[in-house]
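Below, chain A partners chain B and then partners chain C, in two separate complexes.
Presenting the complex of A and B:
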């Protein structure tokens, strides 16, 4: 009985705080993505445009995000019945967008970031084999064009 | 040290190649961070302690790779790749590798 109450409490806490945290995070992601729109990130090896490159720098951004208790239980139910696990989709979406934002924020004075690579790894496994938290690393080469050399 | 994750350093020519250089670190987080992470696993959200930890170890791995390249006499590293793997529960390995070259 005690265990069941604990389970219920954890479910409610997870739902309330997790829902709030996700909403807040999406809001901040959307806001920062708009601000950093002027810095393009591409996954090609050559920069767009014919300007001469003056300087390059390797840059990266990473984030570790955890899923809440409620969603983990939900995901294990989905695991039983099959279908898209929406709760993990939003987790990975948030983590990837946050990692790219941090990559951009680390070099705001660059003109372009080329050859973007994204790497995902789950660093913490919970009970059984369920994903506890994922780490996403985004890295690329920041390009500075000649007319806009950093001081 | 110039670094890029493409095959060249734009606007420069590669003169000599020295081969692969790499750096790695294995790091464990301390108990306090573990406890916080356990709490965050209930509430959800970013695990700041882990992010910091992985950032620190990544910088350390890059530093080791750079010192290896400097010993060879290179002045740039091209085609840098990162990889992360969890070796044991509570420890993560960060591995970074690239090709040491001289550019002009």
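Presenting the complex of A and C:
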């Protein structure tokens, strides 16, 4: 029974801290996405427009986010019943958007970032091969047109 | 090609689902429910299987385990008075194998039936019963566990629980902890039923041996009348509270069973000194 109470405490703490962290993270993501909206990030291989490219640079952003205890348990229950694991969806959504934001923030002076690619990997296997933390890496090519060469 | 900066109005990547706590509750209740249904179904088959195993075969199954008790609880020579009492009670049953009685030098107010015909009587128990009939009921209760083959049932239940936990949640999954209260609930229910049944068997043995069931509730009356503080000091009487039905209920059930079977209440015998001398 003691083990079960410990488990309930961990679940409650996981939910409270995880919920707070997620809310705070989404607030930060929404704010920064608005601020960096004017910098185009696209997955095309060629830049938009006909301007002459003066300079290119590798741009990347990566983030590692851990799954909280509550999410992990909820997901393992879904392993039995099947269905969308919303708790992991928000986790990966945050990780993807954060990685793109970090990519943008690393080259804010670029005109465009093209050839965007996103990769994800679990960097820690938790108990019983459950996912512990995920890494999302976003990388692309930062383009500087002739009129706007980096200093 | 022109770039039009805009932010999405809705996040399509996240399922528009119920609140996580609601999801958790639904999943938990469903999993617990399915677990219980499958558990009870399998337990039904376990009980059927146990019924088909004779007490002789049960003794063979546990013959090796019995040797462990010799190592764990060395047998002190018990006084002939106690051995005679156990053998007389045994004669009222159909148990085909011999019963070994061991006195445990401990203040616990407790008695246990271990597989392979072993009964452990804790020294503390002798402070709570003052008549031979009172002690005989406790011993007969433990004999009741052998008659009802509770050890085999318990082993079957354990195997079913372990198998279900692995099938439902994986061998080392965190969600197996979810099933802890569910399985404890199912186990406690079984234990209470087994204890009630052993009580009834004990009454029958008492009626067979003494011709009446006087003194049967002596131990429970002692527990009932002992202040809770004193009971807590004895610490390990918990065995009688955790899995055994509530004392009051149990006493009432004993009276009811006696009345149904027309068992009479006769004079109790004085308890002879059955305890071996304590080591200095």
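By our rule, the second predicted complex is superposed on the first by the 151 of 151 C-alpha atoms of A that agree within 3 Å, B and C clash if a C-alpha of one lies under 4 Å from a C-alpha of the other, contacts with A are read in each partner's own complex, and residues count from 1 in each chain.
Heads up, the rule we're going with is that a contact is a pair of C-beta atoms (placed from the backbone, for glycine too) under 8 Å apart; a residue touches a chain by one contact, two chains touch by 3 or more.
The structure displayed is predicted, hence computed values, not measured ones.
S.K.: Superposed on chain A, are chain B and chain C clashing or fitting side by side?
M.R.: Chain B and chain C fit side by side in the superposed model.
S.K.: Mind working out whether A:54 is in touch with chain B, chain C, both or neither, as first, second, both or neither?
M.R.: first
S.K.: After the superposition on A, what does A:62 contact: first (chain B), second (chain C), both or neither?
M.R.: The answer is first: A:62 touches chain B but not chain C.
S.K.: Could you look at A:141 and tell me whether it touches chain B, chain C, both or neither (first, second, both, neither)?
M.R.: So A:141 only meets chain B here.
S.K.: Using the superposition on chain A described above, determine whether A:101 touches chain B (first), chain C (second), both, or neither.
M.R.: Neither chain B nor chain C is touched by A:101.
S.K.: Comparing chain C with chain B, which touches more residues belonging to chain A?
M.R.: After superposition, B is the partner touching more of chain A.
S.K.: After the superposition on A, what does A:90 contact: first (chain B), second (chain C), both or neither?
M.R.: Once the two structures are laid over each other on A, A:90 reaches chain C alone.
S.K.: In the combined three-chain superposition, what is the angle centred on chain A between chain B and chain C, taking C-alpha centres, to the nearest 10 degrees?
M.R.: 110
S.K.: So, A:133: does it touch chain B (first), chain C (second), both, or neither?
M.R.: After superposition on chain A, A:133 lies in contact with chain B alone.
S.K.: How far apart, in Å, are the nearest Cα atoms of chain B and chain C after the overlay?
M.R.: Closest C-alpha pair between chain B and chain C: 13 Å.
S.K.: What residues of chain A sit close enough to touch chain B in their complex?
M.R.: Interface residues on the chain A side: 10, 13-14, 17-18, 21-22, 25, 45, 47, 52-54, 56-58, 60, 62-69, 71, 98, 114-115, 117, 119, 121-126, 132-133, 135, 137, 139-141, 143.
S.K.: Within the complex, which stretch of chain C touches chain A?
M.R.: Touch residues, chain C against chain A: 1-3, 5-7, 11, 13-15, 17, 20-21, 23-24, 27-28, 30-31, 168-175, 177-178, 180-181, 184.
S.K.: Chain A touches which residues of chain B in the complex?
M.R.: 2-7, 9-11, 37, 40-47, 50-51, 54-55, 58, 80-86, 89, 92
S.K.: Which residues of chain A touch chain C in their complex?
M.R.: Touch list, chain A to chain C: 1, 3-4, 7, 15, 33-34, 37-38, 40, 42, 48-49, 70, 72-74, 76-81, 84, 86-87, 89-90, 92-93, 112, 127-128, 130.
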